[in-house]
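To keep things simple, chains are lettered A, B, C and D as they appear, and every chain counts its residues starting from 1.
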Amino acid sequence: MKFLHNIGRIEAFSDAVFAFAATLMVVNFDLDTDLTLSKTDATGFLSFAVSFFVLVALWWAHYNFFRRTKYMDNVLIALNALLLFVVLYYVFPLKSLVHSWMGEGVKTKEDLSNLFVMYGIGFSLIFFCFSGMYFRAYKKSKSSEKSLNLYFYARHFAIFVLVSLISIVLALFGFGIEFGLPGFFYALLGPLCYLHSKQFYKRYELN
Amino acid sequence: MKFLHNIGRIEAFSDAVFAFAATLMVVNFDLDTDLTLSKTDATGFLSFAVSFFVLVALWWAHYNFFRRTKYMDNVLIALNALLLFVVLYYVFPLKSLVHSWMGEGVKTKEDLSNLFVMYGIGFSLIFFCFSGMYFRAYKKSKSSEKSLNLYFYARHFAIFVLVSLISIVLALFGFGIEFGLPGFFYALLGPLCYLHSKQFYKRYELN
Amino acid sequence: MKFLHNIGRIEAFSDAVFAFAATLMVVNFDLDTDLTLSKTDATGFLSFAVSFFVLVALWWAHYNFFRRTKYMDNVLIALNALLLFVVLYYVFPLKSLVHSWMGEGVKTKEDLSNLFVMYGIGFSLIFFCFSGMYFRAYKKSKSSEKSLNLYFYARHFAIFVLVSLISIVLALFGFGIEFGLPGFFYALLGPLCYLHSKQFYKRYELN
Amino acid sequence: MKFLHNIGRIEAFSDAVFAFAATLMVVNFDLDTDLTLSKTDATGFLSFAVSFFVLVALWWAHYNFFRRTKYMDNVLIALNALLLFVVLYYVFPLKSLVHSWMGEGVKTKEDLSNLFVMYGIGFSLIFFCFSGMYFRAYKKSKSSEKSLNLYFYARHFAIFVLVSLISIVLALFGFGIEFGLPGFFYALLGPLCYLHSKQFYKRYELN
């Protein structure tokens, strides 16, 4: 016997996790600064702002996925749970990271390499979840035009995973660490996604 | 291909952020006082009460915006995220501020001036977001009577932004700091909004 | 121009506040005990249990109000905000209170008297909000049978307020403090509510 | 006079509790580690991962219950509140437990026995709530096929309770503690649930 999935609850659960994480960041921030706020240093503000808007951006990507499909099954629930896990695990230290990084800077080449590897893993895991969710929804989708759209985003986020994996390899072999190459490598996302989008629209004759 | 926006999720995300922020305030408060509550000083109570009801008032303004329009797009989502950011950033220290201010009072003219500038910026940013959201919804709205209503509120909250900007300038130049002039300047909101409302209703022949 | 109220958002905001408060209690609790849980003392468990179920009971009363009426206006929103404020303000220290009370006991008559006054005020404020919300919804309600039901609960919770006010007066004048009389006085709620219910059903010929 | 239950609010309340608990775990985790994340030890990561996914699994079981029935009454609300209470009470120390256990290992046989008893109680209480909720919904359900499904899960989760109760007894009498027998005993859940499912499907001729 089949029971309908209740997408609203999965959204509500995810929303609460995102909202809570965003709110907790400002609380930790409050503890770091002194009472009057008048001497708040730019570091604290920026570290909070960066992690808050990274979280909101991820929430937005999540929100868009659930707008684009009404398909839901246990595989999607599992991918969604993995996504929330990776987001929580990586975004919280991100704030402290920005904070400490602006305060003192990263000292050694090895530290920088570690950093690129750690955040590369987080980045690739997050977009692996998104890509997987779109791919799963695409596979199970009936309507032809909608499913193409889901397929597009599955490939779109797969590019994110690919780029971050190459960046991790670069960082592991210390290739161009002194110029921050593994970091700048993410700039490739722009042109790659543009090319993919153009080629995709051409092949399937969309507009 | 177009997908419908899911306003419910944006509301749920915002509600969760407001609710957590409100709840977290009482938690911090709990840590400041001793266990039995019988010796709770008026300062702690007032600082919690002020920040809780400021948050509820902002939630209420947010709630009213979403009642007045069903329009939603990515610009509104971005403005909403900025609004939540500013609210979190300013309301948390507000509690500590009231707490410390009642305990000792602000000592120097410069501190007071800083305070007016800091909170003026927060105030103007919050109402800039509200005004912007109403303006965006007005621009995109179809039905004529509803859109007039949105236009009214866009201008209404623009007055808030204007008044706080002038108050910031007064505080920056130390004009009338000794009498708390930049603070009392906010009292102008009452008559200004009344005049605006009267003039607006007259021009568009509403009642 | 009139806009519909969105009761769902007020419920969502309140739910998040209640849920968050309930969750935060177990977190604080976690910090008080040692890691292995095997030596968790009965005090810690009981103090968490008491405050958790008090919160759930208040959530339940709140839930029932919103089941019984679909009426909503700004007065109800304000009463609801006041209710959440009082709940947060009183329930958090409740846990520490139970914890410390079981650990050492209240030492002096004066402490006990203070306690009864403090919690009497919280109790009466909470049920004043509930009574007020029911009364407001009753006043504005159209359908005759439903409105009678709301009137019943408005009076029902008014009894709670009355009993706690008398208990506060008893505690203030130290009347029977040594026997815990102001506390036992709450036991009157049972027979009083029973009598009220019987008399109410008789007068309005309900069954 | 009867009022409809609002299942959405009970789900929202529960979702918020689960979501906060999951988020709070990563926050505590953040405090334990140093700022740069590069030296995060495997222990911290695993303890967070275990408790996060235990929480998500319990949320999933909860989610499935509400998918399978639309019945709701005050008994179910009470069982749900008890479930949330036990989940919060047991899952939070679980993280510290995994953390400390991986760090040093459990030292004495007695400690291990205590552990099995404590977590056995938590396990049995959680699934007692689930079993009770399914049983209640089954008793009150009208449609015949749906009610069979609810009956199946009531019995399914009753097996969980039974197995954990036997494991508790084993641990109390120190039977096979040195081999971790009370722990491995939970492996019986697999075959037992399989047998139950087969026998149940046969008797009621489902497929």
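We take it that a contact is a pair of C-beta atoms (placed from the backbone, for glycine too) under 8 Å apart; a residue touches a chain by one contact, two chains touch by 3 or more.
Keep in mind that this is a model prediction, so the values were computed, not measured.
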Check the residue numbers that chain B and chain C use where they touch, and answer same if over half are used by both copies, otherwise different.
different
Distance-maximising chain from chain D - centres being C-alpha averages:
B
Nearest whole angstrom, what separates the Cα centre of chain B from the Cα centre of chain D?
42
Starting from the mean Cα coordinates of chain A and chain D, work out the distance between those two points in Å.
30
Multi-chain contact sites of chain B, meaning residues that touch two or more partners
8, 12, 16, 20, 24
In the complex, go through chain C and note every residue touching chain D.
8, 11-12, 15-16, 18-20, 22-24, 26-27, 29-30, 33, 35-38, 40, 45, 48-49, 52-53, 56, 59-60, 63-64, 66-68, 145-146, 149
Can you check the complex and tell me which residues of chain A touch chain D?
1, 3-6, 8-10, 12-14, 16-17, 20-21, 24, 28, 77, 81, 84-85, 88-89, 92-93, 96-97, 99-100, 111, 114-115, 118
